[in-house]
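There's a structure below that I have some questions on.
Chain naming follows the written order as A, B, C, D, E and F, and within any one chain the residues start at number 1.
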Amino acid sequence: MATEPMPTDPTTESTAAAATTKNRKEPAYLFSEKQVAEKSELARRFLDNRTRLNENVHKADNLLVKRFYLLDHNTYLEGALPAKYKELMGLAASACLRCDDCIYYHAIQSYRLGGTRAEQEEAINVALVVGGSIVIPHIRRAYELLTELYG
Amino acid sequence: MATEPMPTDPTTESTAAAATTKNRKEPAYLFSEKQVAEKSELARRFLDNRTRLNENVHKADNLLVKRFYLLDHNTYLEGALPAKYKELMGLAASACLRCDDCIYYHAIQSYRLGGTRAEQEEAINVALVVGGSIVIPHIRRAYELLTELYG
Amino acid sequence: MATEPMPTDPTTESTAAAATTKNRKEPAYLFSEKQVAEKSELARRFLDNRTRLNENVHKADNLLVKRFYLLDHNTYLEGALPAKYKELMGLAASACLRCDDCIYYHAIQSYRLGGTRAEQEEAINVALVVGGSIVIPHIRRAYELLTELYG
Amino acid sequence: MATEPMPTDPTTESTAAAATTKNRKEPAYLFSEKQVAEKSELARRFLDNRTRLNENVHKADNLLVKRFYLLDHNTYLEGALPAKYKELMGLAASACLRCDDCIYYHAIQSYRLGGTRAEQEEAINVALVVGGSIVIPHIRRAYELLTELYG
Amino acid sequence: MATEPMPTDPTTESTAAAATTKNRKEPAYLFSEKQVAEKSELARRFLDNRTRLNENVHKADNLLVKRFYLLDHNTYLEGALPAKYKELMGLAASACLRCDDCIYYHAIQSYRLGGTRAEQEEAINVALVVGGSIVIPHIRRAYELLTELYG
Amino acid sequence: MATEPMPTDPTTESTAAAATTKNRKEPAYLFSEKQVAEKSELARRFLDNRTRLNENVHKADNLLVKRFYLLDHNTYLEGALPAKYKELMGLAASACLRCDDCIYYHAIQSYRLGGTRAEQEEAINVALVVGGSIVIPHIRRAYELLTELYG
């Protein structure tokens, strides 16, 4: 749904941009994507495919897509909620919306931030109960990844 | 959406559990999953993959997942509605929610309970009209299975 | 998703139209909408509002909308599946897609075709398990209607 | 799904911000929101309620929400596609996702940009066929608004 | 949601059918499906698979499915809105409903009707902002196709 | 999607039931529902309406519904994840699935468990970015509640 933008003028906006940059706090990952890929073949294939496909998106250099990617990235930074819990929320949201790629992404991120298997399973349980049995095929695939990551 | 549980106490709940066990009436299948797999290569691949992936889920032994699986199973038992019609409802629901695995599962179950091809097509028609043209790619794949099962 | 139409020519199509007209079998309702409205205040308000809003749609006389309405109507006629079960499928589909107006419509139709309260509850149960806890607020409202219709 | 941001550094990003500001081209509205509100009571109530609720959002001054609002606003500016067609796309997307408030918003915007009733009906038809009969209750309410706007 | 059909009698309906036939205006494609398939391997595989699967659907000769296909086809003909914009609306609707096959179909149709890459990207942007980050995996795959079609 | 239940026999199942009872750990609420209702008129109306509608559901005494309610309740108990974070996950899931009643419920629960306004806003931000602009109307209504609860 389109919205009128909140009152901003160029000055305000660049102030806001500065604020974002200042407050941005990248989470401290326990594992790199490379380490995850070495641990799990499923993760490796997912990450490789995502990198390959993102290249087309990057080349297209569509400004709105770029800003959406940035906004998306900023959503999961450390904040009032620790990054780990936000990734687990992203996992729950992705599972109840039934997006396998998104589930893979957030499960990997949660793992990289020290989330345990039990924590991931509980986030998935929220999605299962909220979203119902149509979530089950996605849970099966998620458990396959979890087994490789934590097994 | 979380809900307060309906008033239960350990006694009530075990009574309820007993009731469930008592009323549980497994439907009488005309065909086993094995027979379905022999008839249709698509069904065989689906069933094999599902079995393989479920192993990880079973090993994880997550209590909430186990209870959800049980609840799910109990939903389709013989009751006020014959099991066949409930499976066809599961098929219609799965198709309008666009879950290929779920469509396959319920189409196979409906077949095992004696549902005819015409009945399956009408259940899918409900989903098509309710859910619109985005259901069409799933219908194409469903018809491929139906053709193997009934062809 | 748009689709190329199946091969038709004007002749074929008018044959098809004739066939539809011929095979069309309106279900035998046990109760009229008027009787339902007299029994349940919730049903009455729903039916009145729907009639009022449909007037604008009818006046607009949009050909595609008219044909969709007709297609929709034909989906629930007697066929390989009895109309009652198709309405109950419509109820399950509507509930798992979380459309209150649609739930009301199909619950009323199921009632008019002799569906029992137990049958309606089981159709709703399929939707609850398939669609998860977000279906619960809709179930609460559905049970309010069922209580007025059958209470 | 979270994404790594495309490679940006503070310099690049402020360049991008500047570019956005520069390229931003607000569409030329034929009618103000006030004029729409005077023409249609339904539009007036929608716009008033939205304004009232947005006040809480604005006061909260959540940076990510603000940026999302801005991104959302920028999506519908004049570009490769004329703003009118993007609003009609927003209408089609909103209708097939079944969001009444969003439908109202984009129908009003399309009207303000000179979209005719026939154009709005065709955009809604896309949503009806793509999204199915569960879109119908929303179409009824949309036609009520269209009747006030164009009647 | 089922609806009572708008008041029609056999006469009215055949008049309507005639009107449809008369007003039907197939868009003028710049490229055939064959040309698209020669240009893009992804498009070729999609079109081939769709043709193969549609054969089962056609053989089944289900009247309601046939009429839905026809209605779907008619939705995108030239009308108050040029066919190109309706295909781009179908693209936006498909992307925000996250249906890869539908995205492929409408992206190909938009290309065949002379839509530029920039126009397709803006239609996808509407879907991205309306539908959120879960649309991103689909956008990645859409950009892969766009790169082959326009690259 | 229906699933075969994991291998259970009456004995195993009652063991599992016992385990559930044993491990069940109700969270320690900082505020009762009554206190919340006294603080916020919107919360009061929501809670009253929910109680009123749940009465019909309870009276119906449908076994499957009862078990779903229980399973749902158990999902949000203290576990590997603190209850507060699970309620915030429920909030994020509810918001991206666009269920106002569910949003209200989980926002109230998060408040009762000591969640701060900033934490609730970040959970909602995850839903906004994951689910897109169609979440905005729900966010407006959520912020109205947050303002009453924390204002």
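In this text, a contact is a pair of C-beta atoms (placed from the backbone, for glycine too) under 8 Å apart; a residue touches a chain by one contact, two chains touch by 3 or more.
For clarity, every value in this text was computed on a predicted model and none was experimentally measured.
Common neighbours of chain B and chain D under the contact rule above are A, C, E, F. Chain centres here are means of the Cα atoms, and by that rule the chain farthest away from chain E is F. Two chain pairs, A-F and E-F, are weighed by contacting C-beta pairs, with A-F ahead. With angles rounded to a multiple of 5, the C-alpha fit of chain B against chain E returns 120 degrees of rotation. Chain centres here are C-alpha means, and the one lying farthest from chain A is C.
Centre-to-centre spacing of chain B and chain F amounts to 27 Å, using the average Cα coordinate of each chain. Taking the mean of the C-alpha atoms as each chain's centre, chain A and chain B sit 31 Å apart. Those residues of chain E in touch with two or more other chains are numbered 1-3, 54, 57, 64, 68-69, 71-72, 75-76, 90, 94, 96-97, 99, 101-102, 121, 125, 128-131, 133-134, 136-137. Because contacts link each chain to all the remaining chains, their graph is best described as complete.
Across the complex, chain F is touched by residues 1, 50, 53-54, 56-57, 59-60, 62, 64-65, 68-69, 72, 94, 97, 99, 101-102 of chain D. Contact residues of chain E toward chain D in the complex are 1-3, 71-72, 75-76, 79-81, 85-86, 88-90, 92-94, 96-97, 102, 116, 118-119, 121-123, 125-127, 129-131, 133-134, 136-137. Residues 98, 121, 125, 128-130, 133-134, 136-137, 139-141, 143-144, 146-147 of chain E are the ones touching chain A in the complex.
Note for the complex: chain F touches chain B at residues 1-8, 10, 13-14, 16-17, 19-21, 23, 54, 57-58, 63-64, 66-76, 87, 90, 94, 99, 101-102, 105-106, 109.
The touching residues of chain C, when paired with chain A in their complex, are 96, 128-135.
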